[in-house]
Amino acid sequence: MLRSMFIRFITTGGTIDKIYFDALSQFEVGESQVEHILREGLVQFDYEIVSLFQKDSLEITDADRASLRSYIENDEAGLYVVTHGTDTMAETARALQGMNDKTIVLTGALTPARFRTTDAIFNIGCAVGAVQSLPEGVYIAMNGKVWDPARVRKNRKENRFEPIT
Amino acid sequence: MLRSMFIRFITTGGTIDKIYFDALSQFEVGESQVEHILREGLVQFDYEIVSLFQKDSLEITDADRASLRSYIENDEAGLYVVTHGTDTMAETARALQGMNDKTIVLTGALTPARFRTTDAIFNIGCAVGAVQSLPEGVYIAMNGKVWDPARVRKNRKENRFEPIT
Amino acid sequence: MLRSMFIRFITTGGTIDKIYFDALSQFEVGESQVEHILREGLVQFDYEIVSLFQKDSLEITDADRASLRSYIENDEAGLYVVTHGTDTMAETARALQGMNDKTIVLTGALTPARFRTTDAIFNIGCAVGAVQSLPEGVYIAMNGKVWDPARVRKNRKENRFEPIT
Amino acid sequence: MLRSMFIRFITTGGTIDKIYFDALSQFEVGESQVEHILREGLVQFDYEIVSLFQKDSLEITDADRASLRSYIENDEAGLYVVTHGTDTMAETARALQGMNDKTIVLTGALTPARFRTTDAIFNIGCAVGAVQSLPEGVYIAMNGKVWDPARVRKNRKENRFEPIT
């Protein structure tokens, strides 16, 4: 019997889902762009998308992280792609470590998915390619690389992820 | 010492690089879009792109496949992403099997990368995420899935990849 | 009483609406992109879109031109934007001259509207700006210019419109 | 002798040129997108782009408006497209009225030009089509319509331009 692949996507906010509101001249987290990106990628696997919160990652609290971990622990899927703001992505990744039979890849974007030029589509693709290829564990997919959360940090000044040396 | 990741991209033509020439009202393989896609993905790993040929995949011959295999065998890289037309992608993948210490992911697109809506960016991202996560071997990344070349075929009528049942 | 502006859009095919079919590896006229472009332009005037035919402009016959002229003559609108293939756009424009109380602007694209980089959106915008600003008559909006159909031709080699000198 | 059309573009900031800086999690006016849009529109007329200031339109002062007017009065061109924030576009337009032999069209965007979905390209096209088709005077091209500055206002709540009734 053929058992088809299932990935659960969890969105938590961050730049990837930022939207610009002219009426307010400000930039806020909007609806998730993941569905749109997966449709454009013509994906043929099964998936569901759940939005747990919509926050800038600097506003994500330990309680939010506990709630995210609890959600995954009590969910039946094996493969997870979590979209997340970049500033505290590594911190959240570390808070998810140590669950059995779960492969979790966190990703996001340095430029909003709604932009004409964005890293969001590439990053979601990279996370999808990685999550089904890796053993259980927690990983970060950013800047085209699959990182160990214990060994990566965001360089805010250069606006990219880099190894902790 | 930190050894940074290196991926060699090899382009061979196919829909992903199709371009439309109004003067001729026809559609031909143009310059590779891989460089453009990697820049948009803000990748931070090392890479080089080499164009071996620019063909519709139905025109790729056994001699072309032998030449592609020979190129990889004599090249020093360990990770390869090969862009290829979709119609004979699985056939080429099978012709590349059995090399030591090489992880090779073939990908392409069902809609040209120059289109506003295209699966090309997602697919290159997926291939990049997979190639660095998988053991040596040859794989296909299409429709968001990483396939064993022996167990996948293109369904031309539905215009998607599917398992051989 | 406020009488709001109404524009009738008539599509006839051409590069602007070309779509690529991978299954056939060919490029054919698809559904009109005008509706999509007008929505992206956030237009606030009233309009209707009618598709009279879907042809490469080299295949448009004198009978097609007569039918297009007859459609406009018997229609109640005053403002028309006609999308058309570029090769015989000037010929069709000349076949529409001489109707009373009709301002007609023909436009199209040198690159399909479905491409990531296309002149289609700009051209439709240019035609819409021109049609409501011009007196009755027939005009061509291409390459950012509003042309008199009697004094313009397509330079196929350079793939642009130019004045007849 | 053929005298080719010349348009001077003046940029003053506004949403059309907004850019998102992840490092700061904010949104500021960036480099003008007009050049990029004109190249995508494959325009064949002569033009120059000058950036007078880069401001949200709520920050534009009477002194800025006087300086813009003075620039145009002392410039030799006849056709102008001015990109401007939407909130005070009508006010600036009224401050430019009454110059001889100048056709001036103000435009901008409700969504930044760097977004995947934006009205910026359509609006610049519309302004270009209008400016060469209209008699001397000052006009606004937004939401697909060419407006008399005395009879239009921005409805901030609905985020669109509408007639003053």
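A, B, C and D are the chain letters, set down in written order, and residue numbers restart from 1 in every chain.
The definition used in the following text is that a contact is a pair of C-beta atoms (placed from the backbone, for glycine too) under 8 Å apart; a residue touches a chain by one contact, two chains touch by 3 or more.
Note that the coordinates shown come from a computational prediction; the quantities given were computed from them, not determined experimentally.
Steps from chain B to chain C, minimised over paths through touching chains, total 1. Same interface as B-C, judged by over half of the contact pairs sharing residue numbers, among the pairs A-B, C-D or A-D: A-D. Between the Cα centres of chain A and chain C there is a gap of 43 Å. In this assembly, the C-alpha centroid of chain A lies 38 Å from the C-alpha centroid of chain D.
Separating the centre of chain C from that of chain D, both taken as means of CA atoms, is a distance of 25 Å. Chain contacts: chain B has residues 110, 117-118 touching two or more partner chains.
Chain pairs that touch one another: A-B, A-D, B-C, C-D. On chain A, the positions that touch chain B within their shared complex are 2, 5, 37-38, 40-45, 110, 117-119, 121-134, 141, 143-146, 160-163, 165. For chain B in complex with chain C, the residues that touch the partner chain are 15, 18, 20, 22-23, 25-27, 56, 58, 86, 110-112, 114-118, 156-157, 159.
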